[in-house]
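Each of the two complexes below includes chain A, the first together with chain B, the second together with chain C.
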Partner chain A sequence: MKFRGKIIDIACLNHFTRVVTTISKLTKMCVLRLTPDNLFFVLSGKVANGGVSMWCELSQANFFDEYQMEGVSSEDNEICLEVTPENLSRALKTVQNAKAVKVKLTKKHCPCLTIAAELPTLSSVSRVVTHDVPVDVIPRRLWHEFKEPSMPDFDVSIYLPPLKTMKNIVDRMKNLSNFLVIEANLNGEMNLKIETDLVSVTTHFRDLGNPPWGDDASQDGGPSQSRDPESMVEARVDIRRLQQFLVGQQVNPSKAMCNIVHQSVLHLILLHEDMSLQYFIPAVA
Partner chain B sequence: MNCVLEGNSIKAFGKAIHALSRVGDELWLDPTVKGLALRSVNSAHSAYACFLFSPLFFQQYNLDSVREQDSGPIKCKLVMKCVLPLFRCSTSIEHSVKRCQISVSTGSDQVIVQFFCRHGITKTYNVRFLESEALQAVFASHLCPNVLKSPARLLGDMVMHFHASQEEVTLSMSAPKVSLRNYNEGRNDHMKMMHTEMSLHPDEFDYFQAGMDSDITFCLKELRGLLCFAESHCLPVSVHFGTPGKPVCFSVEDMVLEATVVLATLADFESRGPSQPTETPAPTTHSCADAAALPVGIHETQSNNLQVLPDVTELVESSQGSPITYPPVLMQLQCQGDSACAGMTPPSSMICSLLFEAMSSESGDDDDAPRLPVLAYFSDEEDYPRSPSL
Partner chain C sequence: MPLSTQSQGDDEQYVLVANLDNARNLSNILKAITFKDHAIFTATTNGLKVTVEDSKCLQANAFIQAEIFQEFTIREDLVAFQINLTVLLDCLNIFGGTTTPGKIHKNKRIKKKLHLRWDSTCFLSVFCDAAGVSTALRMCYKGYGYPLTLFLEEGGVVTVCKINTQEPEEPIDFEFCSTNVTNKVILQSESLKEAFSELDMTSEVLQITMSPSQPYFRLSTFGNAGNAHYDYSKDSDMMELFKCTETQTNRYKMSLLKPSTKALALSCKVSVRTDNRGFLSLQYLVRNDDGQICFVEYYCCPDEEVEEN
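Moving on to the complex of A and B:
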């Protein structure tokens, strides 16, 4: 198994760092899948993290100037590593002014992702800073847990309001309740609701727009045209999970939307220029 | 004692207090003829910092006439928590404070800090102090085989690569390069710890003297304050060190002030497990007894270090001529002569303690050299600058 990538462009380095930092805010540990064309940060839904799962896809060509990898074998030309994204983020954040950054899979006292940056100095010799981030190699028999999640059979799909606005609201609602109900309809309306014994608060959003998934993406269950555009579908989620998702977003995505499966799962999708992020929050009763 | 600060000096003074607050919880205020010394030491006595402001730093600087029974000005110890908030907000100080007057009132055991601000506002703070013995650490920096002098930003930039939670780092000198890496004690979760390393070329330093190969491990936290101060004043930082176990001294200096931080270093490398593969094989034992028998190849000053230690009771030049306080753990390191080190802490000890003697850089003048019994002949005086000069 070999992996060697090099980032030379400062903007690419900056974007990559931001992606990794976003991931680090979403989860303490995740799986990094490396394929010849892509990098994936994957979190598989487990009881331990409240059933939340995440899928982040980056095209390596958007970030790396050089990228070489050799997977476990020729049929399984992939590398799966369990990593703590915060370590990667810390390492990358300190080398933002580097002339070049190499990311390599190495074996020191344990398998590591080594970030080696060449920094400019006043003297003729460049300074090299290395960060060794320990990783765990995931064996092939467990790879099935980290496959791309299939699009859920959603009832409503709607564009999200500006994430910053959502975050402010969710932050305040978190003080009042542990659970939040997110409901939306095909008329571009979304409500965020909390309800306790003492108080109930609802924030209404209008004219958000619904993504045109098209008939083939509409579900087998009921074709979306037959759904009453006014009727709301809802999912009641742990407010901390939603807040965690919103806190991590540092840049406004090109597109932000969510799919709701009535009382089942909230599927958030963010599309940026160079990466896509999907986040699944299961609904609670 | 009575002194007045104006303009930028107030900010610098405040920054010095910030740097000292990173070291210890108490601040020793020591007005002397040479200037006002601010000192602090941490609770484990493994880090000591001193900022000496010469009289030129102040607009006015007056030492009171002698008190009745004592020989000189006051030695006072303040609680850092009381003093730091006064100088906390450096931007507001910059904008609103025009003059600052600090005086020590012996009658009421108080330090009075007055800020004369814009719009005719005067803020007066009375901070009670405890009278205390002088605190002074002595470190024979001119005897250190390894000396580095780095431009202001260099060390700060290096240290930036280590996360704020990283406590200890190892500085390795192995000519012709210097490397810095983080130090993780053998812990259960060492597998999950990130390992950071960087190396520096001699060209990056203003002065580079590699007397001997050595890896020293010290705590970064107490140093960050000084580095911050150095960067804000664009002052180069000098580093003096020797074998692991001996303290390392970081100092900055300009015409009106000198600042020093002395840190203890880890004495023992043998306790490190195989989990530290990047460890360069360090000289194994450094007990006094062994050092006395070091082969000729090792630098002469090596053995000097151990024998130059003063008598416990010797009154080394301190500002007030008062006896130096020696925390008990340090007593063990006082080696007397060759039979030295029966009392030496065994090599397996992880704690290294500071030697408390007069700071050579503080004393500043050559009078001090004869006080310390130099038992060996310096082959070449120029190789060992007594203190870094700009």
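Moving on to the complex of A and C:
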């Protein structure tokens, strides 16, 4: 198993650091999958994290100037590592003004992702910084847990309102209730609702637009074809999970949308220039 | 604006309808009296009074006159209910946004945001902050047993809140009347703000001495580190009015008066009055975002009376 990558472009380094920081806000630990073309940050839905799962995909060519990897074997040409993204993020933040940053899979006292960079100083001699971030290698027999999630058979797909607006509202709603109902229809309307003994609050978003999955859905004869555009589908979720997702978003994505499987799953999709992020929050009764 | 397009028919079922273009003109002043969860709302044709009490010894009132509202319609002589103030504030601030009004703060926000983002959408958001997007409010109440309904709108997004109300308790009448006032001063808040922010919190009481002779107006604390006195001379620039007829020294529980610091922070002037029983009345003149005047007052019972020789 070998991995070596080098980032030279300062904007790429900045983006990569931002992606890792976003991931670190979403989860304490996750799996990093390395393939010849891509990097994936994966969280599989387990009871421990409230059934939430995440799939973040980056194309290595968008970030790395040099990228070499040799997987576990030639048939299974990939590497699966369990990482604590916050450690990676912290290390990357310290090397933001380096000319080049190398990321390597190494073995110190345990397997590590080593981040090494030369930093400029006031004198003529550069300062070399090395961070060894411990990781756990995930054996092949467990790889099936970290596969790309399939697109759920959603009832409604809708573009999200500005994330900042959503975050402000969800932050306040969290003071009032533990659970939130998100409902949407094919008319571009979405409501966020909470209801307790003390108070009920509903926020109405209009004219959000529905992503044009149309053709695919109609081929499958999917439910969206016959759905009345006014009728709402909903998912009741733990408000902290939604808030956690929103807190992590530091940059406006090019596209933000969600798919709702009625009373089952809330599937959030963010598309940025250089990465895509999917987040699944299960509905609770 | 969507809120004002509600049909006349709807309005007839409400005993109270109040509209504000800027919800902060209500939420900011309510923050000055939020030290307990529950508040009593009393509405008359004059406007709205919100009362919060603590252990029967302290009462805070916020007055928002009918003129502050863009619309204020009341169909009964008196409308009163009790409501959870913390929940109400969360609803009024549902769109987040700043808690403090004023130009200076807006400039600060612009500066912060320019660092973070640099794509075309962020330029728009910076522009919006500069323009000061505010939340519009429509508050409706159908009467006894019904929830208080709030319609809040910002940037085309509407939030509807229904907050349960309870039977209002009768607010305490401290029987504080101007005829029994022995001492009165009006100060510019600036001067008191400093003192209040430095008050020794290890002192159980705040002692107020008012006198026609030295030290005129003195705030004292008795804490672990020692005693501290803040003196304000009657000739001071900060002293707008000084009418003291007799020397009085009274002590008030620090824990009761501490919340009044929030009202002081918002105000530009404060009047301090004591009556012949040593009861304290603090009245704060607060200017809202639009420069309109509202009042907040605190009444406090004395802790013990100290005889002055």
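We adopt the following convention: the second predicted complex is superposed on the first by the 278 of 285 C-alpha atoms of A that agree within 3 Å, B and C clash if a C-alpha of one lies under 4 Å from a C-alpha of the other, contacts with A are read in each partner's own complex, and residues count from 1 in each chain.
As a working rule, a contact is a pair of C-beta atoms (placed from the backbone, for glycine too) under 8 Å apart; a residue touches a chain by one contact, two chains touch by 3 or more.
Please read these numbers as outputs of a predicted model, since none were measured by experiment.
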{"item": "Three-chain arrangement built on chain A, chain B and chain C clash or fit", "value": "fit"}
{"item": "First, second, both or neither for A:L176, with chain B first and chain C second", "value": "second"}
{"item": "Partner chain(s) touched by A:T121 [first = chain B, second = chain C, both, neither]", "value": "first"}
{"item": "Which superposed partner A:A91 touches (first chain B, second chain C, both, neither)", "value": "first"}
{"item": "Which of chain B and chain C A:H131 touches, first, second, both or neither", "value": "first"}
{"item": "Contacts of A:N252 with chain B and chain C, given as first, second, both or neither", "value": "second"}
{"item": "Touched partner set for A:P161, first chain B, second chain C, both or neither", "value": "second"}
{"item": "First (chain B), second (chain C), both or neither touched by A:E66", "value": "neither"}
{"item": "Chain B versus chain C as contact partner of A:D9, first or second or both or neither", "value": "neither"}
{"item": "Shortest CA-CA distance between chain B and chain C [superposed frame, angstrom]", "value": "6"}
{"item": "Chain A-touching residues of chain B, taken from the complex the two chains share", "value": "151, 160-161, 163, 190-201, 203-204, 274-278"}
{"item": "Sites on chain C touched by chain A in the complex", "value": "84, 86-87, 90-91, 93-97, 116-117, 119, 121-122, 125, 147, 155-164"}
{"item": "Of all residues in chain A, those that touch chain C in their complex", "value": "161, 164-165, 167-169, 171-173, 175-176, 197-206, 250-252"}
{"item": "Residues of chain A defined as touching chain B within the complex", "value": "84, 87, 90-91, 94-95, 108-110, 112, 121-125, 127-134"}
